[in-house]
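Next up: the structures, one after another.
In what follows, chain A forms one complex with chain B and a second complex with chain C.
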Partner chain A sequence: MPKWFTPAVALCGLMLAISPFLIANAPYESTMGLVQKIFYVHLPSAWMFLLAAIVCGVASLRFLFRGDPRHDRLAWAAAELVVLFGIVTLVTGPLWARKAWGVWWQWDVRLTASLIGWMVSVAYLLLRKYGGPGSDKLAAGLALFGMANVPFIYVSVNYWRTIHPTTSVVPTLPTSFGLPLWFSAVTFLLLFVLLLRARVRLEEQRAQLDALYLSVDG
Partner chain B sequence: MFARVVWLVLRKDLMVEVRSLEIAYTTLFFAVSCVLVFAFALVQEGRPPEDGAAGILWISIAFAGTLALGRAFERERQSETLRALMLAPAARPAIYVGKLLGIVALLVAGEMVLVPLIALLFQAPLLARPVWLAVILVTGTVGFAAVGTLFAAMLVRARSRDVLLPVLLYPITVPVIIAGVRATAALLQPDVDGEILRFWFALLVCFDVVFVTLALWTFEPLMTD
Partner chain C sequence: MMKRTCVAVCLIWMLGLMGGVRPGEQATEWPSMTVLHAQQPEPQDEFVPIDELPPQDQLPAAPLLVVAYAFVVLALAAYLMSVARRLGGVQRDLDRLEAELKRSGRS
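The block that comes next holds the complex of A and B.
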C-alpha cells in the first residue's frame, strides 16, 4: 500500500464521524423538514455512483483496445463501487421520494437511468464471477454497451415528464445547507478513492500470486 | 468481398436451419407458450388489459430471441465451427453481419406468427397499419439482435453461458424494448399521433445505428484470443 493510505483511512474515518453532527446541525428545510437531510447522503453517493461508472467505462475501453491488465483490474474495482454506491443511492432516493412525492418510485429519467446502469454493473460482476476464462474482454464489451446506453435512456425517458430535482439546485444552496453537503461529498470522494485503491491492490496481489504459481509449475 | 462473406455466412446459417428447423420450431413454440401464459394471466372475463398487446408482443420477442440466440451459437460451439469461421480469411465484421442477418431473419419469421396470435387473443388492432408495424418490428429486432449476436458470440467460450446471456442482454436492450413498446402502443391508438410515433421510431433507428456500429467496432478485439 502507498504511504498515504493509512493516514487517509484515518482522515476518512474522522470525517465520517464528524459529518452526522454537521448534518444534524444543519437547519431544517422549510417544506420538507427532517426528510430533506437524506439529501446529504443521497446526492454525494449518486455522484460517486456516476464517477465509478465513468471510471469503469473508460478503463474498459482502454483494456479492450490496449490489452493492459491494469486497466481491467481498475474497471473491475470500479464496477463493484458502482454497485455499492448505486445501492446507497437507490435506497436513499425512494426513502426521500415517499415523503416528497408521495410514491416510492417513479419512472423518471434519472431513476430509470440509474436503475438500468446499476443493473448493467450487477450483470458485469455476475459475468466476472461466473463467466470463467475469457470473461474479462466480454465484461469490457458489456461496460462499453452499458455506457452507450445512457444517452438513449436519457432521451427516451426525458420524453415523459420529470419530477426529479435538477442539478441547478446545488450551486444556489445557502451556506448552511451547502457546508454539510460539500463536507459529505468530500468524505464520499475520499471513501471512493480508498476503496478503489484497496480493491485494485487485492486484484494486483491475486495476479502476482497467479504468476508465482505458474512460475513454480513451469 | 464484404457483401459476399455476409451472404455466404447467411446462406450457411439459413441452410443449416432449413434442414433441421430446430431453432425455428422450438423458439416459435416457446414464444406461443409465452403469449398464452400472458393471456391466461391478464385476460379476465374475456376483457384484455388496455394497451397490453404492445408490451406482450415485445416481451415475447425478447424471450424467444434470447432462446434463438443461445441455440444458434450452441450449434456453432458443438463442432467448433465458430473457430473455423474465425480462422477463415474473411473480415470479422462481415462474419458478424452474416450472423446478425440470420438471427433477424429467424426472429422476423417468428414475429409473423406472433402478431396475428396476439391480435386475436388480446383483441388489438395490430394489423390495422401493417407497413408501419412491420417497419417498427424489423427496426426493433435489428437493435435487439445486434447486441444479442455480439454477446452470444462472445459467450460461446464462457462457462454458464445459458444463464449469462439473458442476464447481460436484458439490461442493455431495455431502451430498444422501451422504444419498441412505445412505438407499437402509439400505433394501436384509435387516432395515431404521428409525432409520437415518429419520435419513438427515430429513437429505434438511432439505437440500431449506434449498436450496430459499436458491435462492428468491438467484434474484432472481442473475438480475438
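The block that comes next holds the complex of A and C.
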C-alpha cells in the first residue's frame, strides 16, 4: 500500500467519528423534521455512486482502447463501489421517502434511472465473475452504459416533473445544513478513495498470483 | 390446435383471476395509486431550518432514521471485511507460492 494510505485511514476514521455529532447538531428541516437527517448519508453516498460509475466508465474506455490491464483493474474495483454506494443510496432513499412522501418508492425518472445504473453494475460484476474468457471487454462495454446513465440521473429532476428534490437544494442550503453535509461528503469521498485503493490492491495481488502460477506451470 | 387454444384461454382466464379481473371485464385502476398521486406534495427547491421539531413528527421518523444509519454502517463494515478477507486470502496464497518457488530453487 502507498505511504499515504495509513494516515488517510486514520483521518477517515476521525472524520467518521466526528460526523455524527455535526449531523445531530444540525437543525430540523421545517416540513420533513427528523427524517431529513438521512440526507447527510443519502446524498454523499449518491454522489459516490455516480462518481464510482464515472471512474468505472472512464477506466473501461481506456482499457478498451489501450488494453492496459491496470485500467481494467481500476474499472473492476470501481464497479464494486458502484454497487456498494448504490445500495446505500437505494436503501436510505426509500427510508426517507416513506416519511417525507408517504411512499417507499416512486417510479419517477431519477429513482428508476438510479436503479438501472445500479443493476448495470451488478451485471458488470456478474459478467466478470461468471463470464469466462473475454468477459473483461464485454464488461467494459457494459460499464460505458453505466457511465452514460450518470448525467441522465443527475439532470433528470430538473427536466421531468418529479417528487424528488431538485439540484437547486444543495447550492441554496443554509450553513447549518451545509456544514454537516459537506463534512459528510468529504468523509465519504475519502472513504471512497481508500476503498478503491484497497480494492485495486486486491486485483494487483491477484494478477501477481496469476503470474506466479504461470511461472510454476512453465 | 383446439387443445392449445383451450389451454391458452384457461391461462388467460386464470391470470385475470389472479389480477382480480375476469375476461371481458374492464380493468380498473388501482384505487390507492390514484389517491397516492393526488396526495403527492410539491417537489422542494430549498430546505428551511426550524428550531423545534413538531411533536407528532418525532416518533414515526426515529426508527426510519436509525435503520438508515444502521444500514450504512453495516454495509460499509461488511464491504470492508469482505475486502480484508479477500486481501488476506490472496496474500496467503502469494506467500505459499513464493515459498514453494524458493524451495524448488526458482525465483
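Convention: the second predicted complex is superposed on the first by the 202 of 218 C-alpha atoms of A that agree within 3 Å, B and C clash if a C-alpha of one lies under 4 Å from a C-alpha of the other, contacts with A are read in each partner's own complex, and residues count from 1 in each chain.
Definition applied: a contact is a pair of C-beta atoms (placed from the backbone, for glycine too) under 8 Å apart; a residue touches a chain by one contact, two chains touch by 3 or more.
Since the model is a prediction, treat every value here as computed from it, not as a measurement.
**Student:** Counting only touches as set out at the top, which of chain B and chain C does A:Leu190 meet: first, second, both, neither?
**Tutor:** Touch partners of A:Leu190: none, neither chain B nor chain C.
**Student:** One more residue to check, A:Gly131. First (chain B), second (chain C), both or neither?
**Tutor:** first
**Student:** See if chain A has more residues touched by chain B or by chain C, and give me that chain.
**Tutor:** Looking at chain B versus chain C, the one contacting more residues of chain A is C.
**Student:** Does the superposition put A:Tyr28 against chain B (first), chain C (second), both, or neither?
**Tutor:** After superposition on chain A, A:Tyr28 lies in contact with chain C alone.
**Student:** Looking at A:Met15 after the superposition, I want to know if it touches chain B, chain C, both of them or none. Which is it: first, second, both, neither?
**Tutor:** neither
**Student:** Could you look at A:Asn149 and tell me whether it touches chain B, chain C, both or neither (first, second, both, neither)?
**Tutor:** It touches chain B, and chain C stays clear.
**Student:** Figure out whether A:His42 sits in contact with chain B (first) or chain C (second), or with both, or with neither.
**Tutor:** Second partner only, chain C.
**Student:** For chain A, which residues lie in the overlap of the chain B contacts and the chain C contacts?
**Tutor:** Touching chain B in the first complex and chain C in the second, residues 157 of chain A appear in both lists.
**Student:** Any idea which chain A residues touch chain C in the complex?
**Tutor:** Touch residues, chain A against chain C: 27-31, 33-38, 41-42, 45, 80, 84, 87-88, 91-92, 95-96, 98-99, 101-103, 157, 161-166, 168-169, 172-174, 176-177, 191, 195, 198-199, 201-202, 205-206, 208-209, 212-213, 215-216.
**Student:** Quick one: in the complex, what on chain C touches chain A?
**Tutor:** Residues 36, 39-41, 43-54, 57-58, 60-62, 64-65, 67-69, 71-72, 75-76, 79-80, 83, 86-87, 90-91, 93-94, 97-98, 100-101, 106.
**Student:** Spell out the part of chain B that touches chain A in their complex, as residue ranges.
**Tutor:** 147, 150-151, 154-155, 157-160, 163-164, 167-168, 171-172, 174-175, 178-179, 182, 199, 203, 206-207, 210-211, 214, 218, 221-222, 225
**Student:** Can you check the complex and tell me which residues of chain A touch chain B?
**Tutor:** 64-65, 116, 119-120, 123, 126-127, 130-135, 137-138, 141-142, 144-146, 148-149, 152-153, 155-157, 159
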